[in-house]
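Two complexes are shown next, each including chain A; its partner changes from chain B in the first to chain C in the second.
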Partner chain A sequence: MADTAISGQGRRVRFRQGTLLKVLVLALLIALIVLPLLRTVLFTLQPDVIKAWSDVLTGRLSTNLFYKPLGNTLIIGAVVSTGCVLIGGFLAWLVVMTNVPFRKTIAVGATLPFMIPSFAAALAWGTLFRNDRVGGQVGFLQGSGLDVPDWLAWGMVPTLIVLTLHYFSLAFTIIAAALATVNSDLVEAAQIAGAKGRRILMGIILPVTTPALVAAGSLCFAGAVSNFATPALLGLPVRMQTLSTRLFGMIEVGQVGRGYVIGILLVLISGVFLWAGNRIVSGRRSYATITGKGGRAKRFDLRAARWPLCAVAVTILLASTIVPVVVLIASSFAPSSADLFSNWTTHYWLGQSNPAFAQGTPGIVHNQDIVRALLVTLGLGVAVAFTGMFVGLLASYTTARYREGAMSAAITQISFLPLLVPGIAFGAAYIAYLGAPIGPLPALYGTFALLVIAGTAYLLPFAVQTGRAVIQQVGGELEESARLTGAGFARRLAAITVPLAIRGLAAGGILIFVKIVRDLSLVVLLFTPTMPVLSVVAYRYASEGFGQFANAITVVILLLSIAASLLANRLQTKSQPWLKN
Partner chain B sequence: MKLRTIARPAALSIMLAGSAWAEAHMAEMSPQDLLPLAQEEGTVTVYSFTSRIGKVEAAFEEAYPGIDLQGFDISSTEQIARLKAEAQAGVVNADVIYISDTPVVLTELLETGIIEPYVPPRVADRVPDEFKSPLLAQRLSTKVLMYNEEANPDGAPVSNLWELTTDEWTGRVVMVDPLQRGDYLDLMTEIVLQSDVMAEAYQAEFGQAIDLGDAANAGEKFIMDLFANDLILVSSTDDVNAAVGKLGQQNPPVGFTSYSDRRDNEEEGWALQVANDVQPAPGIIFPAIVALAKDANNPAAARLVIDFLMGDESETGGPGLAPFYVAGDYVTRTDIPPHPDAVPLDDFTAWRIQPAETATIRAEVGDLVLTLQ
Partner chain C sequence: MLEIKSLTKRFGDVEAVKDVSIAVPDGAFLVLLGPSGCGKTTLLRMLAGLEQPSAGQIVFQGQTVSDGDKNWSVDPARRNSGLVFQSYALWPHMSVRGNVEWPLKVAGMAKADRAARVDEVLQLLDIRQLADRYPNEISGGQQQRVAIARTIAPKPGVLLFDEPLSNLDAKLRVEMRTELMRLHRATGATTVYVTHDQIEAMTMATHVAVMDGGRVQQFGNPNDLIERPETAFVATFVGTPPNNMIPVVKNGTGYKIGGKHMALEPPAEQCLAMYRAEALRVAPEETSTSLPMELVEVSAIAGRTMVTALRDGLRLTAIVDSAPGLRIGETVHMQLPDQPACWFGPDGARVQ
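Showing the complex of A and B:
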């Protein structure tokens, strides 16, 4: 390499520039991602904190501090990922490979649950199923005279159901994309040879899509084990703890050392599973969805099962999208969740402070805290979308144009690292990292900047992924010719890459906006009363027993997320090939 | 944003140099003298462990127009964690700290210099010394056993705390998770500290000496048995109040909550009543502290808020004290008459906590509770 650098003028420029860019990007990623994680580990190794490791792993507290929550966490991960692959796979198969009625509607519907924040689904569950175990307001079903047993109202079962109905759309998206690439030649050959549907499914489709199934399963697993809102809202009354709720509890009561140790262990666990999933799929790095040959196979004819299967699919979608949304909206108007559809009042939205409602808390339009939280949240969404796409574009541009070398590999690896880190652990790491001043830099605790930086780092994998797809659409030769005419890096980026990729970038930015706006797990620890965000405000209202306010705020978040998601969908319809005939 | 955060410490230190002199004077100032300074500051931030801060906010802004009181309802436990994190970050968000959890407040906030005491000179001669030092207590608050008086018209359904560990009360005792709310951890700690009387109460209830089993003492034994009896943990006192107090229940649970929440019975449709005769004691009574944040951004307004919270010169303390002049809260000012509907403080049988003593074993009791969940 050193030789090439000296040998020719043009080459030297290119080499230098690539290196400079790489060093820059690598430094940025290390500052954003590696240092916070490292800082957390170092914190737990301090002499007066290191005992936290033995408390968590071996002491008399370890059973409750770690092992029981670990057991719950693993059950949640295993059941939810299995359920998601089954449901997501089933729907993907229906949409991509069969002639089920309302294919397109099902396809769109199956991507929606992921747009709904998981705490919204948990709140909706409480509004419906809450029984009288903890007293206070009972849910709709109990209020209608049904006796809801504890196991259905609280704890593991509702957590599993809510999380499965949330994450299956992630599995759907991955599996549907993979099914769409199944080479029709294979299926047709089998059909000509007289193979029946089941045989084709087991013999061809399943083996070919195994990597996607594994990828879907491991992503759902990682999502489920790190989810905070659902077990926090549904688990506490029956004392069910997961690693993420334990981590939150420990930091909240000031036992920071123990909290960080639990966070590190949580990162390791989801890391191991994602890594294992990756290993299994590693033979198949290409996710090319459009190939030169091979047309779409004839759709599998469901015959008499068409309508029943359609009904099953629609039921799943109703339960995961329509029902929670309707319940949340209704309960933001109903004074009593036991009686969801009567005595509606707009107090929780428009009312002035009135001692008869929720200790005098005014409706959300008049509530300064909520209005402020809305502004902060919107600002955060926009800021993170911009910074995220900027860093994402920079990182993916660097790795796409200057592919070779250890630094490029490092950039790729590090930029995907946050995928392994549960949001709540990431939030904890950022408090350790920027919570105190570093040298001459001031501490960022409680500032907007901290939220933006942490959000950017946390969502970098998505930004880089979008950035990469976008960069690859823009042919390298355009840039090459610009370079020959003497255009500098910034000029090329601004005049060629960005304008050509603006659609994709915008779509990516919107998705990041949605992710940060509806996120709870990352911000729940970074939250300070003077810098509030909507999701945490909603969570706090819910745990204070002011369900209607929580639900009303959640409806606002939902509307924001869904509107933005639909916009992003429009901008990138091209990336969903399975919708085409 | 970035610029501002960098510029702030510099600006702050310049301001502080000048304000040290002013602050020394402020300690002696009357509310009338503080007012113009406070109005210049224009805003003041209060961290409060009670949701009643909302009512204080409205009353304060009416009494002192031009000063925006930003009240945040944050549990004591969380306040302590946040104030420590903020201090470490060199950020001062709050001006006034209104908090319970005295055992931790003394060691982790006062001794570390995160907060400092302030006694408004106007009322200083009307607050007993024990409530002025080391920090000013505005009132005494409680965490005691409460029951539903609609379902139990003849009085409390429990006469001895140990009954709560029997089959009759399985799954029917509610309280807030002691790991989430320090007041409840203080209650658990006090029960351990009172192990001797707990042992006597056991003897009285079951007619035999207590068999400690794995427990180190009678208090620990009680806590272990209580958790084993499907104790229900919730996340806020309002959840306890609703569970215990809600009208129209056939077989309501009992629970540990604030005696003063009885004030909301009418508004919320509850029938909460204190089980004052329960043996050996219904729970704890502890100070609610008001203090200044060290280097507060709005030092004059902060002092004005504390002055306001101590009540005015009218008979029951006026609008500042009104949210706290309720049955079940015991105001520390000696010239304010006790609330007529409450059990008089002298007849109230709850244990008075000794913050310093509580602090010594509190973490240990916290760990015990952790092993039970």
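Showing the complex of A and C:
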């Protein structure tokens, strides 16, 4: 019956399977990630620039250039990561292990702060607490007749508070996930052994979750030291510098060499802490146990402390999410921050140019700069979502399919490298990399392409993570069985891989869209007036004292993020007959 | 002819398949039998063209399709072969009809021919009423049929199965076994079937290759394996129940077997004596050729009784006519015949 004659001619297997693909992906990743960083380092080693190293590290100006900002940066990192682990750990414990009221609401609320851009809270803080120290509008409290002291209005204290209220949600996510894997049998075994609440916490739960605490701490540390928006908005007006604001300042005034040196040092600092955290975690046994048993039979009974602890949790959540959002929205309608909840006007949204308002700046819908920035931002988000998911999928497919070999290991390592690089340093690296012409290629500074390429590279770790999950879902044998039919790579992709993976891809793409739309630190250095993006426009307005415009734009960014997230949810629940049971 | 010539596959330093040579005629049902990790699935994947051999050749119907020495290979889709995966690998977003039709579409078959062929194979596997269901809406046994239908639809000359029945429950497994044999007769395709279940091998195969540690231990028809096992591994892996293997040790002038002197004349000082289960008896009391052991299992099989006893790590199984009047844990006297069925040397090879 074998009536299909052997039609095929054989071919020589010139390379090991997958070598071509691996070389291609590796080359792409090197071009996107390694070369920019390398080029930055090489730039600072040029004969006429190398002096920047001694200027920054040992020169007369080094105290102001490097050591003071370094001190501030380390204080921010240490305090914020400690605070985040305490607050995030406390909320995670409440939600996962106790019978606190409104557990689910608290769980959702604790993940929200990370969904709003970090500069939103900083802007809201200014709107509330700003005093007359640096001139311009005063904030709501000062306007209401309270005398806000300088330490509460500006500098280190507000920076620490705002950053902690932003990053604790990252710590919460990690610690809650770890606590959820603590098998209820472990706790029950301790109870049978006679241990009581406190003893169980210190003797069983804490040791088991230590790796998660360390991981949460080091990620919050790296996030806090590389944050740009908050220290820039709350610290710069009183000349409090961190390494990221210093880096921004150096590049802005044209001292590019010094800026790059500070950037390299910033990468090293955040990298060392992430690496150290990783070492501590991987050095010990992982205790996380995943069993088939779901659900916790018994929760720790808080008794009389239930409602007080619930009140503490709700206060934290209100302060971190609800209050900033309400303040931003109110401020975008209020004639001045001092007068937040009366005399509302729609001028900042709909008004035509009027010399009585904000030196004649027209409202958002009539403001050509802002409308253009909105379009550029949307385009950037969509473009980066597509390119990011494409590269991410390609890289994760390659490493999943051809696991062995040094090249696969290199692809994995390089694709996660941007996690170690603060956004502002990555932006600086891209100026060094593509800001000037390379051979026949034109300089890309000020072009849309530069924003897209840098954004793609910067967000690659998230894209690869999503890509991996998607590839795991599609599985090796499904693809292999398609290969056996003789379908080529493109056809398999179109008929098998993409239809199965589309939900995961869409969700991943939207995640990237949201991340790039609300990002400030990467784009703040790549920004040019011809290629404006919303977050930088908001930052500019805020630094020039037009708080309402900054706040209104931030509200737009918030709305975009929320709309995109809702869309992602909708896509995920879209009817797919093969998923019905 | 399906020929495998000196085939070797290395993963780094590990040799998964070592110097395997097998040839079966067209239309044969070849079973690759062995414990997990013996290299049988790797061998099958090389036949499918999913893995490239490190050395040796694979020849389908006179045409070399893989050559590890020249690093040359025919694309998996152009070998005139089809593979049924252990997990079935049905595409979850396509209906049953879609799953069976897609490979034909890729092969460029005209629409009308395609529909006819799909109907034909769905009919053959008795799943036509499921054509518009999705894989998650049908049972495991039905998924198995879809996977087979999808594979035979393009009429491959060589059909490859990777432990296809291992995910089914016992009753369904027996049914599918019969079904697969019927299908083999209907298509006439040369079939290569990987399993660790020796009953499947014995019932379905025309040829069996018993594999262990990457090597073929013995290649022959099922009867050969039972009648003349070539190695101690084959003797104890094949057969229901498998044969008993007892070490014999020289002790002074005589020989000790299972810790007891018996009048045996082994061909070497150290070797293994093989006794068939049906040759063992249960003695009412100790005799010169019985071994006192602990009774561990008694079960009725087709009107006879299988008795298993254990002592010092030695496990003996006998098939006897009636159950011994003993309880589990009591001492049973396992009576050996005068001479073993055959001898194996300490290296496991049969001694002539």
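Rule of thumb we're sticking to: the second predicted complex is superposed on the first by the 532 of 581 C-alpha atoms of A that agree within 3 Å, B and C clash if a C-alpha of one lies under 4 Å from a C-alpha of the other, contacts with A are read in each partner's own complex, and residues count from 1 in each chain.
Here is the rule we use: a residue touches a chain if its C-beta (ideal position, glycine included) is under 8 Å from a C-beta of that chain, and two chains touch if they have at least 3 such contacts.
Keep in mind the model is a prediction, meaning the values are calculated, not measured.
Q: Between chain B (first) and chain C (second), which, if any, makes contact with A:Ala487: first, second, both or neither?
A: Only chain C; A:Ala487 stays clear of chain B.
Q: Now for A:Arg239: first (chain B), second (chain C), both, or neither, which partner does it touch?
A: The answer is first: A:Arg239 touches chain B but not chain C.
Q: Would you sort A:Leu478 into first (chain B), second (chain C), both or neither based on which partner it touches?
A: In the superposition, A:Leu478 touches chain C alone.
Q: Is A:Val272 in contact with chain B, with chain C, with both, or with neither (first, second, both, neither)?
A: So A:Val272 meets neither chain B nor chain C here.
Q: Name the contact category of A:Leu375: first (chain B only), second (chain C only), both, or neither.
A: Neither partner.
Q: For A:Leu20, is the partner it touches chain B (first), chain C (second), both, or none of the two (neither)?
A: neither
Q: Show me the residue ranges of chain A that touch chain C in the complex, using the header's touch definition.
A: 1-14, 17, 404, 475, 477-478, 480-487, 491, 495-496, 499-500, 576-581
Q: In the complex of these two chains, what residues of chain A are touching chain B?
A: Contact set of chain A toward chain B: 60-61, 63-65, 133-137, 236-237, 239, 241, 249, 251-254, 353, 355-356, 359-361, 431, 435-437, 441-449, 528-530, 543-545.
Q: Residues of chain B touching chain A in their complex?
A: That would be residues 1-2, 5-6, 8-9, 45, 47, 51, 54-55, 58, 70, 72, 74, 77-78, 80-82, 84-86, 88-91, 93, 108, 171, 174, 177, 179-180, 182, 232-236, 238-240, 242-244, 246, 252-253, 264, 267, 366-367, 370-373 of chain B.
Q: Going by the contact rule set out above, which residues of chain C touch chain A in the complex?
A: For this pair, the touching residues of chain C are 12, 26, 48-50, 52, 60-61, 63-65, 67, 70-80, 82-83, 85-87, 89, 91-94, 102-103, 106-107, 134-137, 150, 154-158, 187-189.
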